[in-house]
Amino acid sequence: MKQKLDRNTIAMRAAKELKDGDYANLGRGLPSLCALYVPYGVVFQSENGILGYGPLVMEEDIEGAELHRVDAGGRFLTPAPGMSFFDIITSFTMISSGRFITVLGAFEVSERGDLANWNAGTDTLGGTIGGGMDLAVGAKRVITAMEHTTKEGKPKIVRECTYPLTARKCVNLIITDLAVIDVTLKGLLLREVAPGWTVKEVQALTEPKLIVAEDIKEIEL
Amino acid sequence: MVNKVYTNFDEAVADIPDGASIAIESWGFAATAQNLIAALRRRDVKDLTLITHNFIPSFYTEEEALLPVALLPQLKKLLAGVVGIPQFGAGLFIKEYVDKGLEVELTSHGILASRLYAGAAGLGGIYTPVGIGTVIEQGKEKRVIDGKDYLFEKPIRPDYAFIVAHKADKMGNLVYLGTFRADQPIMAMAARITIVEAEEIVEAGNIDPEHIVTPGIFVDRIVEIPEGGYGTAQKRKKLVYKFGEMEILRKMLFG
Amino acid sequence: MVNKVYTNFDEAVADIPDGASIAIESWGFAATAQNLIAALRRRDVKDLTLITHNFIPSFYTEEEALLPVALLPQLKKLLAGVVGIPQFGAGLFIKEYVDKGLEVELTSHGILASRLYAGAAGLGGIYTPVGIGTVIEQGKEKRVIDGKDYLFEKPIRPDYAFIVAHKADKMGNLVYLGTFRADQPIMAMAARITIVEAEEIVEAGNIDPEHIVTPGIFVDRIVEIPEGGYGTAQKRKKLVYKFGEMEILRKMLFG
Amino acid sequence: MKQKLDRNTIAMRAAKELKDGDYANLGRGLPSLCALYVPYGVVFQSENGILGYGPLVMEEDIEGAELHRVDAGGRFLTPAPGMSFFDIITSFTMISSGRFITVLGAFEVSERGDLANWNAGTDTLGGTIGGGMDLAVGAKRVITAMEHTTKEGKPKIVRECTYPLTARKCVNLIITDLAVIDVTLKGLLLREVAPGWTVKEVQALTEPKLIVAEDIKEIEL
């Protein structure tokens, strides 16, 4: 059965990159879903100044939500043992320390690992840079969790980003609804493809030439 | 002991002149010194520069909550890491003001943090690796240090900081509540004059010296938030419930 | 949960290679991770770079206390704001080592703080107004920014930080005791690997999240100080009383 | 009766420059004696990370002394209401914020207000820069409390400092055992002289030419 992975499945695959003891910061949207699938012992940070929180507050538990315990996207967090609050000096020092794995969304990723994820080019008056540039530069490992193409079928993995950049040469691993791709010094290395999809089909939806891993396999969860 | 306690918010912001720069926290919804914003709105002061991490449109009535966006008509310049919410029309909500001359400088949250530190520590500037190859580098000096690219960024030393604290003692020592801490300590350290609204003002000695986050030296004026004021526990709770009533916000926050 | 708790100090410092740089606090007498220093002395590691605010001669026997000076024979370079005590012969106590090639870089306490911040925040460098016209400016780039002179200073990113905490939880969250806090939080933030000796190790959740000073992410290894180890409350008290017995120290501390 | 002021009297005069609500950092030695004479409400900092402490622990109270509550010189401090502990990032931010008045010792002060106070030129191996340079540059007001001359009678207020500098053009007020002198853009303004001393006698022990204040008076305490 040839389907693209749904958002939760992409998140599940990205979550496999996180293991007990890792520190992680998840971007909004699709990346934030990873939290549902990581193993015990992954510690999450949000750049507004909280580390080690528990699961998001669910809508039905809204009476337990507090405005003063939120992530950078304003979502309510539950407390967990070992959690800490701190200021942004501490927070962005963490982010630049190379101690985080970050999972981010992307409008585009280039073959060199350039990332464009903060502005679809349409917002010329404002913009949501936020902490994304800091994460992209400072993290020890940058993973993008994203759809392989736009809704119109245009590749989002490109030779050169056309949207405003977040950071250059920062992405280490690209996880999409079709493939898992390593960004290497030699180029993009296709490691896994979605069930039912061929390398050729994935290549057709990807702008740069993909190098195919010798041990290429189907995406496993 | 010099009295830092002011009896009302209007008095606490009375001397802010046209053209002043003000740093105000705004992470998440309403983690903001709303009562001071309200007082500043009651004055006809203009040409302000606002330094804030997130500048987003409001979902409240003025009675419910005041975000920094309430100061939009009084701004000459805005420095922020986030302006707008993509799902809510992005930066369109400031169009009217940009057309009338509002200057917007976008930066990253981390650069803003480091620039505030640089201001607080009296530095002349810093080199940051963040922003290389992006819109942020426009017009800025680039320099290779030990083989890596950096951008030169200037310190930020706001004239005023508006701070919302959980507890203040009469000497100005502050503690915050949860993620409301965020930018506030470094803003208080960087500003020339720090004005605080506190849920509670206690006598000096009532906060454990090990737990004080912002030492009193950084704090010039303190006003206790009265019952019914912005940012009380009851008001915060009401805002939480309001989110549950708005479909699009529900999706963002609980989806 | 990954185990950060080590059962002994030797194990915690076992991988430190020749040539490593280590940041260790040393404000006042014995506010220092002494047990880790002792463990490092038991190894024959050499050519170390030591980063410390104050490098002063000791007034104790080795059994009483170990200041960073105990590492002198293992150092290639020393970076400090204070080297020696004028009343006690100033820098003479390091002469033998300087003659053998020890490099000493003097800086100011504030510059050292900012350089550690720059290291922690990933900056490429900073411009500081401190040191202009002094020995510190030798060999450094000077720059006029907005009409004022500044010196360019490089970030410091130590390979290791040795930290003494009052309490650590098993996730590495730390609180300190009084003025022992000092350099330690920024050293832990700036270092690649942070090793902690703690008076007490508690379960995660036993320290109020509002009171944690150093979040656990910055801490890699924790060892509990055993009874009889350096830096326990009893040992500290003994050191205090020892000051009362030494005429010249009495004059310095109580005169 | 023509005497030089003793150390405690110099400290008393310097203490008059501090009033209720001022924040102060006192250097070691003579300047530290000011703490005994300041009015209620002056808040003291020590750069190792403590603000608002009480009096120094006296030798007879040594059983109340704690190694973890000391100033930058290692002296034991008593707690006081409103005291806080913090790290050196916070501490040196305070120092550079222009919120302190600092009283420092000096080997030499030049007519432009250059200060030399960290190295008598004899310590070529080490040196005690400490936080002195930071205070000299960052304080809103720098006061030196010092003897007017060396033990050999050589002026310590000089045209050019010969000892290694702490900072340039930083001293605002010089308080000695003979005089109180303002450092102004036009030069050194002699404001007060010790009881029994003439302007001429003070000038003879001072290298740069002193401008004499119109309302010059005897040092009052």
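Lettered A, B, C and D in written order, each chain numbered from 1.
Simple rule for what comes next: a contact is a pair of C-beta atoms (placed from the backbone, for glycine too) under 8 Å apart; a residue touches a chain by one contact, two chains touch by 3 or more.
Computed from a predicted structure; not experimentally measured.
Visitor: Centroid of chain C to centroid of chain D, CA atoms only: how many Å?
Guide: Computed value for the inter-centroid distance: 28 Å.
Visitor: Between chain A and chain D, what distance separates the C-alpha centroids? Give it in angstrom.
Guide: Distance between chain centres, rounded to whole Å: 56 Å.
Visitor: Distance from the CA centroid of chain A to that of chain C, rounded to the nearest Å?
Guide: Those two chain centres are 37 Å apart.
Visitor: Going by the touch rule set out above, which residues of chain B reach two or more other chains?
Guide: 110, 113-114, 117, 121-122, 129-130, 176-178, 210
Visitor: Indicate the residues of chain A shared as contacts by at least two other chains.
Guide: 85-86, 89, 92, 96, 137-138
Visitor: Have a look at which chains touch which and call the overall pattern line, ring, star, complete or other.
Guide: other
Visitor: Determine which chains touch and list them pairwise.
Guide: A-B, A-C, B-C, B-D, C-D
Visitor: Considering the complex alone, what residue numbers of chain C touch chain A?
Guide: 1-2, 117, 120-122, 169-171, 173, 189, 203-205, 209-210, 212, 215-218
Visitor: Where on chain D does chain C make contact in their complex?
Guide: Of all residues in chain D, those touching chain C are 46-50, 56-59, 62, 65-76, 85-89, 91-92, 95-96, 114, 120, 122-134, 137-138, 164-168.
Visitor: Hey, which residues of chain B end up touching chain C in the complex?
Guide: So the residues of chain B in touch with chain C come to 110, 113-114, 117-118, 121-130, 143, 145-146, 148, 150, 154, 175-178, 210-211.
Visitor: Hey, which residues of chain B end up touching chain A in the complex?
Guide: 27-31, 53-55, 81-86, 90-92, 94-95, 98, 104, 106-114, 117, 129-136, 176-186, 213, 236-237, 239-241, 243-244, 250, 252-254
Visitor: Inside the complex, what are the residues of chain A that reach chain C?
Guide: Contact set of chain A toward chain C: 20-21, 23, 40-41, 43, 45, 51-52, 79-86, 89-90, 92-94, 96-97, 99, 137-138.
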